[in-house]
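Chain IDs A, B, C and D follow the sequence of writing; residue 1 opens each chain.
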Amino acid sequence: MSSSFGTLFRVTTFGESHCPSVGAVVDGCPGNLELTAEDIQVQLDRRRPGQSELTTKRDEADQVAILSGVEHGLTLGTPIALRVDNRDQRPGDYREMSQVPRPSHADFTYQEKYGIRASSGGGRASARETIGRVAAGAIAEKILHQQHGIEFVAWVSSVGTIDAADPDLASIDRSQVDASDVRCPDAAIAERMRQEILAAKDDNDSIGGVVTCLCRNVPAGWGEPIFDKLEAMLAHAMLSIPASKGFEIGSGFAGARMRGSEHNDPFVWKDDRLGTSSNYSGGIQGGISNGEDILFRVAFKPAATIGQPQTTADFNGTETEFKARGRHDPCILPRAVPVVESMAALVLVDMAMRQASRGFGQPK
Amino acid sequence: MSSSFGTLFRVTTFGESHCPSVGAVVDGCPGNLELTAEDIQVQLDRRRPGQSELTTKRDEADQVAILSGVEHGLTLGTPIALRVDNRDQRPGDYREMSQVPRPSHADFTYQEKYGIRASSGGGRASARETIGRVAAGAIAEKILHQQHGIEFVAWVSSVGTIDAADPDLASIDRSQVDASDVRCPDAAIAERMRQEILAAKDDNDSIGGVVTCLCRNVPAGWGEPIFDKLEAMLAHAMLSIPASKGFEIGSGFAGARMRGSEHNDPFVWKDDRLGTSSNYSGGIQGGISNGEDILFRVAFKPAATIGQPQTTADFNGTETEFKARGRHDPCILPRAVPVVESMAALVLVDMAMRQASRGFGQPK
Amino acid sequence: MSSSFGTLFRVTTFGESHCPSVGAVVDGCPGNLELTAEDIQVQLDRRRPGQSELTTKRDEADQVAILSGVEHGLTLGTPIALRVDNRDQRPGDYREMSQVPRPSHADFTYQEKYGIRASSGGGRASARETIGRVAAGAIAEKILHQQHGIEFVAWVSSVGTIDAADPDLASIDRSQVDASDVRCPDAAIAERMRQEILAAKDDNDSIGGVVTCLCRNVPAGWGEPIFDKLEAMLAHAMLSIPASKGFEIGSGFAGARMRGSEHNDPFVWKDDRLGTSSNYSGGIQGGISNGEDILFRVAFKPAATIGQPQTTADFNGTETEFKARGRHDPCILPRAVPVVESMAALVLVDMAMRQASRGFGQPK
Amino acid sequence: MSSSFGTLFRVTTFGESHCPSVGAVVDGCPGNLELTAEDIQVQLDRRRPGQSELTTKRDEADQVAILSGVEHGLTLGTPIALRVDNRDQRPGDYREMSQVPRPSHADFTYQEKYGIRASSGGGRASARETIGRVAAGAIAEKILHQQHGIEFVAWVSSVGTIDAADPDLASIDRSQVDASDVRCPDAAIAERMRQEILAAKDDNDSIGGVVTCLCRNVPAGWGEPIFDKLEAMLAHAMLSIPASKGFEIGSGFAGARMRGSEHNDPFVWKDDRLGTSSNYSGGIQGGISNGEDILFRVAFKPAATIGQPQTTADFNGTETEFKARGRHDPCILPRAVPVVESMAALVLVDMAMRQASRGFGQPK
């Protein structure tokens, strides 16, 4: 188990789907920053279940409590412990899974790895694990916005085979994203996605999709070559989100089909800095931010837990028909949006601090 | 700069494109393993420049010397220092770049980050940086093969818009891959790819592509949820390779277009273990290997350094026409194959050791 | 702030002296181990305030709650979050400190470092921070005892100028240590120490001392040269305990006065293993355990917060007379005993897992 | 094996006593700093063998070569690889040790840990391992001196039972220390130490001692509570040096015999900052530097390898008489001085960078 992320701004998450509490400890946050539970709650609310008919019916208010590290509304520079209690637990729903590992879920692999697994729900492989990420990410976002005006805006860019074109990157914001339950800013496409999700739900099935994420106003110079290139850390962060299957930055897989003469981003002067006239690089060159928009996409598979019957084998290898009970999302994409933003913020705040550490060594 | 990778089996690389030596220190390798320079050289030879008309003409034998950590052909459990000298240096070729940052290369971002950059070639952003990775990866591969018969086979699955179907995963091996200069095991497609690369070369241009990598015989139970999921570490490793733009595991972005009922991998009994009848998961579930083939794809952009003239700006923002000299690969894909394999091996050997560490805590 | 310790078995602590909760997250604990809150509470009870007239009167039951990572009395291999609520808070006691930094306390340095500090008590520099260490250490101890019969026994070996000789190392146990409030196993010396502490208390003063710690039944082969030698990690752990000023292993500073011919520990055969007939090495040679008793000593200064008036300067540099209010220990030594044991256990369990990780690479 | 040290300024060392090369890779050094091999050589010359009749006769020039990371005399911000070749190898001297583990040396424990050990000399447990530390430390020192005027001065403060009082801390410098072969700045005491060492040498014996180290001009605010307190990192660093047995900061073990009223350091205004009138704290309070001199002491045991015959057991447990051949130091203290300084510098530069990283998060 490796439940910590980050070198200088480090989050450690804890909690299973059916234990008393889930949460996180954020270590390395600078002192003297204004921070309240409200700053965190706003993103937790975008992540929580039961928001709409598109999401699981599990009813969790997911109210966060700050246990330490903040006094009189200011951070102390010490670890910020964050707790969210699990309330609506229904362990009985998971009886079937004691003998049959859910296809494409983590029941089998956790058992192989640890010699034991949580008896109810996904344990740590549950989406509830992402609460700690989102809570910590909200703190990271606040710092980055305050220091550099950095903004993170993610949206659902595809559901199944329904694709949305990129919105105007200069103006897109979260209110546009949240205008639909699906979290796709194109209203017409969003409605088609919504129908697609409801169709899957009606079939006791699930459906996958893609989240696109924009990081705006990131200064040039962040990212740590060789092994901790900015895109490598983003890829690490995104593939650590449950159900993610792919990551691409800038041109991504489409860029692999191009020639250098079209793909190269020419430099041009932009007001007060050297910028590029195109952005196939996705805001990163040589593992370091170049001052342009950082833009990446994350693929999510359809959720593994579905209500329709599946032919599979039990732990002993005997073929059986399996039908999951429990309350599950037909499409995790709308709720994945704040998780993607949060993980991006955790990467960037750590990189910002790593770069700031060099301030020490510079000639005076 | 973050030039170390791995928690228990840790490689630290060093060296610029035009300094005395490049290489790596491998720390954490268990003792008593047979190891010679030859074990390492075989992968370095697959990576080195000048192998064919498809690659850069820079002439480097890239002979590795083991400086420490091995005695009488056996590892001592101590750091293994590996050195490869740079020989064919032509710093004069890079005069143009002192004033003009190469479009989509790292000249600008390194300068922004460090306040300085190597005056010749790409410095650490050069492909020569991957020598240390490949040398270390060869050691990782040897251990994994010896302990579990694990095999890594990567190949070029697309160049530009020319795609190859997956070969037979049960039988594909490196000799089939190396049968063509392109390192695509499908001979007919390989020849078309070869023509595509030569066409780009003739145009003083470059072209991108995709490498697919297969990891065979990986036991179930490797990978460290939450943040160091096996696919997250692979994504981190692959996006840290110069010029990579995307990563996908198993079904990847295509999986995002599917429903759960088709995407789920049903369990079936396979001889002596529980396996799955399909493998959309790509051998990993919940961040942990499940005993099936691990299969992933890495997108590479076309190399940024091209011989044809480009309109861009110099460091002061003044528009200029830039034409790179120096010796560069029209397509880095064939040489990226051993780099991808090596990074995969570095991820897996570290995960193997992390899992073995749990052997301590188990009830007797 | 660096509130995490350990590479594979990693504890992250949180909490100030006057915030809602203190506690820890233990990540990396193997699965399937029996664990209850009682296993942890027994050491917390030895650490908690108000045990006797020798300790602070702050009244805290320090009952631990397990929030995650354990189900039906078994560890899941996932993070174990541990929470202890702060109850008896009296922030008003600390008014004096808002203008005057306590001499030899952390008020000044925290302010310098973070630009802010907890307004009440020591914040993270309070002894309450050690609750998380002790809770985590109790888990580490349990594993080590179960796997190898390893035992940790620490005791107070000096208070002020009153020294106790080492007890019989083969038989000393915690019941002997706990027979006196002072936690010195020599009853006569313990009584003299007790009087010394009460005399300091009567003077509104504090007094220092030394804790000696024995780790019994540690197998040969643990410890990670070069930089993470076993004694280096123990020194790191011990000097991280509040108020500690020194560490010595085996012969320690006395060994520096000796010649090699007397100091060397000759090898002899012991039943089923190669051992040594003397133990100036303190159970560690070359950074690696040799199978003999590990024995080390930790010096603690007298507590900085004392009730008698002190002439010092306020934050502006103006000379003033300062007299601390609040409830403080005249001698922290008795309560330091379980903290020292816990930190030793945290070091050893991590080293055990790091050594076990090599099991992977060994020839079959 | 854990051959890396530091979080942001990280050194990785490599090399055995009788392999081709020893050295280090320094990763994380900021760019644009002037650096030449000469900057490094000066400390290596103080560490190298054969300096006087007090040290081993092994003849090694220990000339350092910079392999990477520096161009035109300036650091690039990339890894700096440093190589020193082993020349005067006499593996034949070590035949005796193949069957008999040297008492109090690492032969036995390395064999137990790794299942193998270097056949000649101490392998990684040799003093030659410290070359990489000193080379890296010289770089750290240069940065710290350039940025803050920080100076590191260590000296031999005891040899056997001969103790030297502390010199004037405001004026002591390396030229005073190096005035005698022993590296004790008190000439009369130094001569007595010299005789003591030669007497041990005549007896084919060795003798221990203590090094005291002063770090001058360290600003307030460095050090990372909780677990990476500045004194904890220094203790870690010092106990990682071969043959060290103890560490104390400020008052150290003597402080454990004092009362708080005498031990507390009152605050006073000093020119432009709040300082303390005494310094029992040794420049660190609550794990964070307070702006006063950092002063600590390190105990070294007498070297284990001695020429006189010792009764011990071979690997099979059979009693035998053992007499070491080879060339060894009768007293390692004089050569330990630059190693202690180097490790202190490595700790402080890393802490400086970790503190600088907080610059990012501060309100503007």
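Note that contacts are C-beta pairs under 8 Å (C-beta built on N, C-alpha and C of every residue); 3 or more make two chains touch, one makes a residue touch a chain.
Everything quoted here is computed from the prediction, not taken from an experiment.
Asker: Give the chain pair, either A-B or A-C, that is connected by more C-beta contacts.
Answerer: Greater number of contacting C-beta pairs: A-B.
Asker: Measuring centre to centre, with centres taken as mean CA positions, what chain is farthest from chain A?
Answerer: Comparing chain centres, D lies farthest from chain A.
Asker: If you average the CA atoms of chain A and of chain C, how far apart do the two points sit, in angstrom?
Answerer: Those two chain centres are 38 Å apart.
Asker: Distance between chain A and chain D based on Cα centroids, please, to the nearest Å.
Answerer: Whole-Å distance between the two chain centres: 45.
Asker: Between chain A and chain B, what distance separates the C-alpha centroids? Give it in angstrom.
Answerer: Distance between chain centres, rounded to whole Å: 26 Å.
Asker: Using the touch definition from the top, which residues of chain B touch two or more other chains?
Answerer: 1-4, 13, 30-32, 77, 110, 113-115, 124, 355, 358, 362
Asker: Which of the residues in chain C end up touching chain D in this complex?
Answerer: Against chain D, the touching part of chain C is residues 1-5, 13, 101, 103-106, 108-110, 112-115, 122, 124-125, 129, 158, 160-161, 200, 203, 205-210, 220-229, 231-240, 242, 244-253, 255-261, 263-269, 274, 276, 280-282, 284-291, 299-306, 308, 310-315, 317-319, 355, 358, 362.
Asker: Under the definition above, what is the set of chain D residues touching chain A in their complex?
Answerer: Answer in residue numbers: 7-8, 29-33, 77, 143, 146-147, 352-364.
Asker: Quick check: in the complex, which residue numbers of chain B touch chain D?
Answerer: Contacts found on chain B: 1-4, 10, 12-16, 19-23, 25, 27-28, 30-32, 65-69, 71-72, 74-81, 83, 110, 113-119, 123-124.
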